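Consider the two complexes below, in which chain A is the common component and chain B and chain C are the respective partners.
Up next is the complex of A and B:
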């Protein structure tokens, strides 16, 4: 393996990191909002909403993201006149917005299930206790249900964020020049697939290392009750006898 | 059974299995094509590979007295896969360029066609000057550059689609970068779709492939405009791509291609698939 070349490849590929991160974080953020709505629909007890959310999750979780990207980009491209009538074409004309739409819709399906799991894991006793104290619904959600649900959902959700960072590589098939897109281009110029893909893999590894650290920090911050109590400062001198 | 025994048995079985095949006179040549580059090579309605290069490959193999296995491979990984030994030869409309010759070697050219630009007939780009004129980037680069300068005012700020990892992408990178926005696609079929969808204003590709595109009913309102280029970054014609170490196979392909060009087989096949003769002039 040619390390000097790998260094050059690294310098070429880091130009794609901003776009990769932009796609990953925008889709995770927008997807989280959509996921909250979907989870609320599932929990609402209103049958049509519940069934809509179930159907949404079934479709977007059950089909490959690659197929979704193709359908949104090339599929909607076939309906240009209709989309132009609705004023949506300026949005779907751009590969960036198509990629972001596909990633957001996909992650929302997974995230809504993670959030629903978190909400359902809140112990019933705690909710009842809060009700007994006369907490109104809004306050109960903000003080009791939401913090516990987030803490429960976080490990699963960090998985989803990591998956999304990697999923952005699919945007390269619709002409987006993020890390994988640039890697393909570099291989086409140098024909050195191993070095370039090793470097591209290393970049994703670094990005996801940062993501896992951030999630760990948030987890630590959200679980003060699980940390060991602070150790007493002064140690008694009797220990010397043993 | 111990592991050593098992491995030993497996080796013996392997040798026995390989024996009769190795003794055969006819050897197998694994040829890779793209299968998405009409009319050079494409996948027909029944799922089988068809096109100019499929017919030519079968003809060359007959001349080489070899058994051919033709398979479809993704274009952008086709050279690394050849080097990794996944197959022995590439026949996928691949132009012979200096860049590629650093990695692999080529047989003599079996076809040579210029590039072209396709746009919507109603767009401003349809007024492109020098339509139908031919320029050689290798022999007369100054003249070709002058023609490109004449194209630039119209292309300014437009989006041009090309297939990634091709000579057309290299051409766009060298001559149109900074003038038009270049978008790279996985296949010509993909940039055709985006031209029809209006996401790109023009597509740049091999003129023969573009003729194939223009024959489709959804491209009735489109036309090839501007000058056609060949040579230079566009390469010295299309040849069979081979590993550098396979000198013997190169010799066989060279001979077979020469015969096919000399006896008019290439001309016949070219006229059958492209409607024009793109036999390389040596």
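Up next is the complex of A and C:
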């Protein structure tokens, strides 16, 4: 192991972190919105919407993400004249937007199942109680269903966010220079696969560690009812050191 | 020239790519099965280390699973793609063969998948072992079963039974991960689609077909694991 080289490699690879984080957070945020729509379609009880959401989840969970990336980045090139006509070509020409679209569509499928699980875990009694108080549907969703569902879905969602941080590495295959892209370039220049792997791996572990800590903090913040009540200070501080 | 229709391209005629695509799908299944089996061996070892009394073994196993589950699979594939050939060349030099020896793409893929899926399988197997009833293990010990016999008759069959759903999930991950092996040049489903789309200029047709074939493989596997689960549970009384 050459530590001087690993230091250099680290300095090279951290240049890719902003892009990795940007792809991960944009896709998770956009995917969450789409996932909420899909989960709502599943819950709606309207058969065509339900079937569409089921089909969507089946297709996006059953195929590799890389195939989805290629389908959007290379595949849509087949319809270039049509896309140009619609003015969408400038969007699908850029690898960044293609990667973001693929990641968003992919995470929405997984996240919609997590959110659906959260929505189903809301105790029926709570919904009935709210209805008995005369809450309108919007208020009931905002005050009762949504907070409980989010609290329940959060642990599962943290797994999905970590998967997305790892999945951004696929953007490197369509020429995006995020952490894995830079690592690949560095390995093929220096042929020091192990050192670069250790450094790049450490960066991803650090990012994922930060994600788990943030989600844990949010979880803590969202569940005050599960925490023990703060213990009142019975004795003055100086007496505690006896 | 009029571009070919979908069924002409994906058919089995002289200009059709159907046979090549099906063969590539077989290659995907092949490399996934080999990787999954390698992962089963690694996973069993790592799970045993996680459950062992030795603290060092536990720390090593925990580090292994944390790192391999926290790092992108693509990075692991690059490690074995570049690192594997370098290591093999170094070993070759020991035996007097100079020059570069490349690790075959199939082996690279199977090893990379095995190393990653081993980390996931270790967690599944550890969870399944912990679901065993303590009383049965004690009873086996009490009748004087040796450790090997106890493992073969009591532990292994039940751990496998509890592990089937978890292993099914890992298998689905492995299938999707196998698409990443295309970066090493192994002609599996995705690489074949890239080749086909390069020569026909119909990338959408090829990647859509690849996606459909992946869906077929994942769906069949879902049913296979469901069948295995019900079959393994046929002797268990329902609560």
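Annotations for the structure displayed:
Operating definition for what follows: the second predicted complex is superposed on the first by the 233 of 242 C-alpha atoms of A that agree within 3 Å, B and C clash if a C-alpha of one lies under 4 Å from a C-alpha of the other, contacts with A are read in each partner's own complex, and residues count from 1 in each chain.
Here is the rule we go by: contacts are C-beta pairs under 8 Å (C-beta built on N, C-alpha and C of every residue); 3 or more make two chains touch, one makes a residue touch a chain.
Small disclaimer: the values here were computed from a predicted structure and weren't measured.
In the superposition on chain A, contact is made by A:80 with chain B only, not with chain C. In the superposed three-chain model, the partner touching more residues of chain A is C, compared with the other of chain B and chain C. By the touch criterion stated above, A:193 is placed in contact with chain B and with chain C alike. Judged by the touch definition given at the top, the superposed model places A:201 against chain C, while chain B stays out of reach.
Of the two partner chains placed by the overlay, chain B and chain C both lie in contact with A:184.
When the shared chain is aligned, chain B and chain C each come close enough to touch A:173.
According to the touch criterion, the shared surface of chain A, contacted by chain B in one complex and chain C in the other, consists of residues 74, 77-78, 173, 184, 187-188, 191, 193-194. Against chain C, the residues of chain A that register as touching in their complex are 58-59, 62-68, 70-71, 74-79, 162, 166-170, 172-173, 180, 183-184, 187-188, 191, 193-194, 197, 200-201, 204-205, 208-209.
Within the complex, the chain A residues that touch chain B are 74, 77-78, 80, 93, 95, 173, 175, 177, 181, 184-185, 187-189, 191-194. The residues of chain C lying in touch with chain A in their complex are 66-67, 70-76, 78-79, 81-83, 86, 175-180, 182-183, 190, 193-194, 197, 201-208, 210-211, 214-215, 218-219. Taken together, the chain B residues at the contact with chain A in this complex read 76-77, 79-80, 83, 99-100, 102-104, 164-165, 169, 183-186, 190, 193-194, 196-199.
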